[in-house]
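There are two complexes below, and they share chain A, which is joined by chain B in the first and by chain C in the second.
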Partner chain A sequence: MTAAQLLPVLVAGPLLGAAVLVATGRWLPRYVADVFGAVVAGAASALALGVLVATAHRPAAVEWVGGWRPRHGTGVGIVLVGDGIGLGLAAVVSVLVVTVLVYSWRFFDDPPPHQAGAFPALILAFQAAMCGFTLTGDLFNAFVFFELMGVVAYALTGYRVDEARAVQGALTFGFLNSLGGYSLLLGVGLLYAHTGELGLAQLGAHLDAAPDGSGTLVKAAFVLVATGFLVKAAAVPFHFWLPDAHTVAPTPVCMLLSGAMVQLGVYGVARLYWTVFAGSGALPEAAVHRALLALGVLTAVTGALLCWLQRHVKRLLAFSTIAHTGLFLVTLAVLTPEAVAGTALYVLGHAGIKAALFACAGILVDRFGNVDEQELHGRGVRLRPVGVLFTVGGLALAGLPPFGTGLGKALSEEAAGGWLTVLFVAVSAATGGAVLRVAGGVFFGLGSPPAEEDRPHAAGRHRAGGEEQHEDAETTGADEPEETRERVTRAPDTMVVAAAALLAAGLAVGCVPPLWSAVSRAADSFTDHSGYAMAVLYSTGQHLTHSPAPHWSPAGVTLGLLSTVLAACGAWAALRTVPSGVRPRWSLPLRRLHSGHVGDYVACVVAGLTLLAALVW
Partner chain B sequence: MSILPYLVAGWLFLAGCYGLATSRNLIHAVGSLAVCQASTYVLLLAVGYRRGGTAPVFSDIRPGSRPVVDPVVQALTLTDVVVGATLTALLLALVVQVSKRHGTVDPDELRELRG
Partner chain C sequence: MSLRVRMVVLAVGLLGLAAMLVAAFRKLPGFGGSWHPYGQRAVETALGRHTSNVIASINFDQRAFDTMGEQAILFGAVLGTVVILRTTRDERRVEPEPARVPAPLRRYALAVLPVTLLTGLYVVAHGQVSPGGGFQGGVVAATALHLLYIAVDYRALQRVRSVPLFTLADAAGEAGYPLLGLGVLMTGASFLENVLPYGTLGTLSSGGTVPVLNAAIGLEVAAAVVVLLAQFLDQAIVIESEDGEQGAGSVGDGDGRRGEGGAA
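== the complex of A and B ==
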């Protein structure tokens, strides 16, 4: 059995595991279901890592499912491509899923009766969809996995169906992502009409052969498909589903959404560009650069501002994910192998750190039934180990060397260069600073506690009348449903260990030079347009000139330290000077834009589609 | 090949978006999303249409004897229908829960998640 033949197992294995859990979950005791889920996910991650290591120095593993190989460069078979970046992302997803399953052992104390298998089954289906999305070499299958990923994620977000806010957040998530999915499918339809192909490699080859025909159609197709992926990536103005979903979803689900799924949207855009459009004259490189850069800057700035303004800890972390997505897009806009390597390392480090931060926030939900920064002020003092982990996560998010996020940030700055360095430092400092502010206030009791009259009354807040809420648009973190039956007296070991392991993984990304050179090699072949087509259609490798392996540069270390210091100063200043709960008036229009209304959000998505089209033309 | 089906597809997508943006009832919004999806059916089938073509079933016609429409887009449309059915079912289930928990299905009254 070759490595290529194992690729379908990465998708089918977890899917089969999910089916078994759904079929037998009714009779299984809870721990059997949980252990089974973790074993299946663990086996899949071992397999993904094994294939990744085995094919590290060889051309991408390509599997035509059912032996439907292309003839003379065309064909309708289903193809899975395990190149460095795709397979690497599948491995990251699988490892994260294992951690999440371990974390959630102590998270839900009482699953609904006779449904012990429901949660692990959904998580496994989610894993299968994400792995499928990273491995597929076919645009229509990418749409199918995109939708599968979406549907499972809506169900997971609304997992606590008897909770009012959860179903509302899941519904918003569902509407926006499905709309993105249909935009993606319209684009796929246009590309098929133009070329008669669905495979990424065949599409690319076809567009190369007729470089100047039907520029408008090709551009329209790119805009529609990219919109679909950008909705998933939560780029502003397509991002409105993300904060709502993260506010209401169970914390383990947030870890997967923020750690992996959102980044797959960014991956989708990059994969689409390099395999399909990079060689065609119809879509100039400058246009793609302009579009990604503009959306990236908008996303990074909006995300960082709103992150700083939040008091609901999970929502704060959600906006920090949006800010970092913006940074990923800004880096990718450079369209070089170095930029892809930098983004890949940044995504790797971010996955570990962000999941760890959510894990810590989940412990707060567990312990206090509340994730409101102000109400929890000083109450987390007894959870010192969690506080330390949360603080370290905040420092890492700000780009502290030698964390993976710091390395990714340094390489991205190097690739993007110029005034964008300021953006990287400012956005990292703002998101890291917001996390440090929460850590200082909640876990170490720094700063002044909120005045008694400012303290929102937990029960009455949401029903306190529309007028007041319209005046001050915000989501408080009070009234979180308890996710464990009895509030635990100290943080459960599995949860703390999972958070610590994720942080350690984020640290390892910045400390292991062999990983950097592997990522660099993967980025070289990822950006090789014709090499991908050769590997997929003719199973031939292409000799590449490898770019030098990335490493820490003195400038990168200095800027990383600078943004960390800025973050710490910002957090300190916020804790010292700003009276709690008072937020600047200038931020009101921005906050009001997040109105919680599905219709407004759909209008923003359509506006974003128009904006993207204007940028590409 | 007429351009009309493509215009219809575009119009359906925009009409669905308009319905979603102005909806006063979540069930209506789910319906509007289905209208958006209908645009993808129209587009895909229009792409595969051949003038004078028949169904791509070769039990009673000789291959090559007369034009047939493109079977690939029909397979895509069928997959798309399955995706849409799953999605509509899930969204409607969520709407039922929203109605139970909030006592309303008017998006204007569901504004807890903001800012």
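== the complex of A and C ==
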């Protein structure tokens, strides 16, 4: 049995685990189901890491499922490709799932009757979907796993059904992602009609060979497929589902959505471009660069602004994810191996840090039944260890060396260059600063407590029917339903340990040079359009000249320190001077746009599709 | 956004989308051409594997990995529904009352029930030979069971529809794919490789692993539809909120708690 043959197990294993949990859920005690879920996810992580290490210095593992190897470059089967980036992401997803399952051992007081294993089963199915999406080398198969990710994630988002808001958030998530799914499927259909192929490598080879007389079709197909992935990636203006879903989803689910799933959308766009379109004359590099850059800047700025303006801690973290997605897209727009390596390291570091921050927010939910920054002012003082973790997470988010986020930011700045450096520093500082502001106020009691009339209960009276339509378009974090069995008197060890481990992982990404060179090699082959097709269709490897391994540069360290200092100053200034609860008037239209009204969101997604088309044309 | 702004944004988006699609569709290959690269390969391959239903060959052999994902979507959707529609703390279950059903309706439904069940099983069993298969037959078989609800009442359906049993069957069907795939992998072949003898074209035993995977899908789909409908019907008929309101809005006319659910 070769390493490549084991690739499908990364999908089948968790699916089998989910089936076992559902079949036996009626008789299993709760803790057995939880432990079983973690063991299955752990075995899959070990397998992913094992295959990754075993194939590190060899050509990518390529497996035609069912043994349907193509002859003379044509075939009927589906291929899984375990190259550095794809398999690496599968490993990250799997490890994150294990952490989340450990974290949620103390979660949820009412599993569905007779279904003690429902939550871990859904998480395992989610893991299978994400691994399948990262490994597949077939566009239709990618759509299948895109949908599976969605279906499971909607259910996980709406898990706390007693809350109208949770169901509303899950519905919004479902509507927008289904719309993305239709767009994706329409694009796949166009490409299939044009080429008669579904495999990424075959599609790419076909477009390379074709004269560019059908440029409009190829461009339209790119726009449609990319829109699907960008909805998943929560790029503005396709992002509206993300803050609403994160506001209501159980915290462990937020960790998976923000830490891994959203980034898979960005991965999808990059994979699509390099395998299918990079060699075709019909879609010029400049057009893709322009589109990704414009959407990336829009996403980063919108996310950072709204992140700073939030007081609901989970919603604040959600907008910070959007801001970072914007930065990933801006870097990717450079379309070089260095940019991909920078983005990959940024994503790795971000996964650890953001999941850790959500883990800390989850502890607040359980301790206080509340994640409102102003309500909680000074109340977290007794949770000092959590406060320290949250602060460190904020510093890391701002780009403090030697965290992985800092390295990713430094490499991204290097790749993007020019005025975009300002964007990276500003967005990192704003998101990190917002987290530090929360940390200072909630955990250390800095600044002045909010005046009585700003209390969220006064502001919250306008909330109606689960929608967030206050006069001031504000989402407070009060009245969170409890997620644990009872209000915990001190933060449970598993939750704190999970948060600390995630932060440590985020730190390790910036401190392990062998990882950097491995990511750099992976990025080189990821951006090698013809090399991918040769490896997949003809099992032949090409010699690839590797770019120099990335490393910390003095400029990168300086800028990382700069954005960290800016974040700290911003947080300090906000705590000292701005009266709590007052949001600038100019931000009202932007906040009103996030109305919770699905119709608004759908209109924006459709308009966004047209915007993307205009950018590409 | 106000209604007017929303409509303007939507109109701009739709116009742009329409323009792009029209431009792209004009470049599609003409209707009725003879160029079908994938179709040709798929048909040749299906016949090479002695599977006369080409669709089944694509679903359960050539692109079986897609189908594993698709059945996982169904499985995930059912599990998600079980989670979302669970009886919450502020809800309680009330036993449905017996209902009177007009005699002709009763006779008709009871007569059609076994025929429908048999048709479903037939469609599943012949998936590798003729149009149909596990997906279609599974839905037909599950529908047959629900004729009891029309012919008698909800309590009769509840008696034969053991949700734990069907949940088990749903999970077993879902596990069929990974189990078979991993089993094949153990023999040294590729995951989900068609390692069984292909048999004689056009017979029930043709197609190698196709009938096995097809049966797993049939089991899963039939069980999944039963469990899925059980969740919705329970929500409409059995589950009440604490203040006595029916869970799913205005379903149920009080007479046997039947309502629109029965027509589904």
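Here, the second predicted complex is superposed on the first by the 600 of 617 C-alpha atoms of A that agree within 3 Å, B and C clash if a C-alpha of one lies under 4 Å from a C-alpha of the other, contacts with A are read in each partner's own complex, and residues count from 1 in each chain.
Please note the rule applied: a contact is a pair of C-beta atoms (placed from the backbone, for glycine too) under 8 Å apart; a residue touches a chain by one contact, two chains touch by 3 or more.
Quick caveat, the model's predicted, so the values are computed rather than measured.
Within the superposed three-chain model, A:Leu217 lies in touch with chain C and out of touch with chain B [touch as defined at top]. Of the two partner chains placed by the overlay, neither chain B nor chain C lies in contact with A:Arg290. Taking chain B and chain C in turn and counting the residues of chain A each one touches, the greater count comes from C.
In the superposition on chain A, A:Tyr192 makes contact with both chain B and chain C. Once the two complexes are overlaid on the shared chain, A:Arg379 sits clear of chain B and of chain C alike.
In the superposition on chain A, A:Gln168 contacts chain B only, with no contact to chain C. Once the two complexes are laid over each other on the shared chain, residue contacts for A:Leu179 go to chain B alone; chain C is not touched.
Shared-chain residue A:Trp68: touches chain C; no touch with chain B.
In the superposition on chain A, A:Thr247 makes contact with chain B only, while chain C stays out of contact range. Put simply, chain A uses residues 76, 140, 144, 147, 151, 154-155, 158, 161-162, 167, 170, 190, 192-193, 198, 592, 595, 597, 599-600, 602-603, 605-606 to touch chain B in one complex and chain C in the other.
In the complex of the two chains, the chain A residues touching chain B come out as 76, 140, 144, 147, 150-151, 154-155, 158, 161-165, 167-172, 174-175, 178-179, 181-183, 185-186, 188-190, 192-193, 198, 243-244, 247-248, 309-310, 462, 466, 469, 472-475, 591-592, 594-600, 602-603, 605-606.
Residues 9, 13-14, 17, 20-23, 26, 29, 33, 36-37, 39-40, 43-44, 47, 72-73, 76, 79-80, 83, 86-87, 90-91, 94-95, 97-98, 101-102, 107-108, 110-115 of chain B touch chain A in their complex. Per the touch definition, chain C reaches chain A in the complex via residues 1, 6-7, 9-10, 12-17, 20-21, 23-24, 26-29, 35-39, 41-42, 45, 58, 61-66, 68-70, 72-73, 75-77, 79-90, 164, 167-168, 170-172, 174-175, 177-179, 181-182, 185, 188-194. Put simply, chain A touches chain C in their complex at residues 1, 5-9, 11-13, 15-16, 18-20, 22-23, 25-26, 63-68, 74-78, 80, 110, 112-115, 118-119, 121-122, 125, 128-129, 132, 138, 140-141, 144-145, 147-148, 151-152, 154-156, 158-159, 161-162, 167, 170, 190, 192-198, 213-214, 216-217, 219-221, 223, 592-593, 595, 597, 599-600, 602-611, 613-614.
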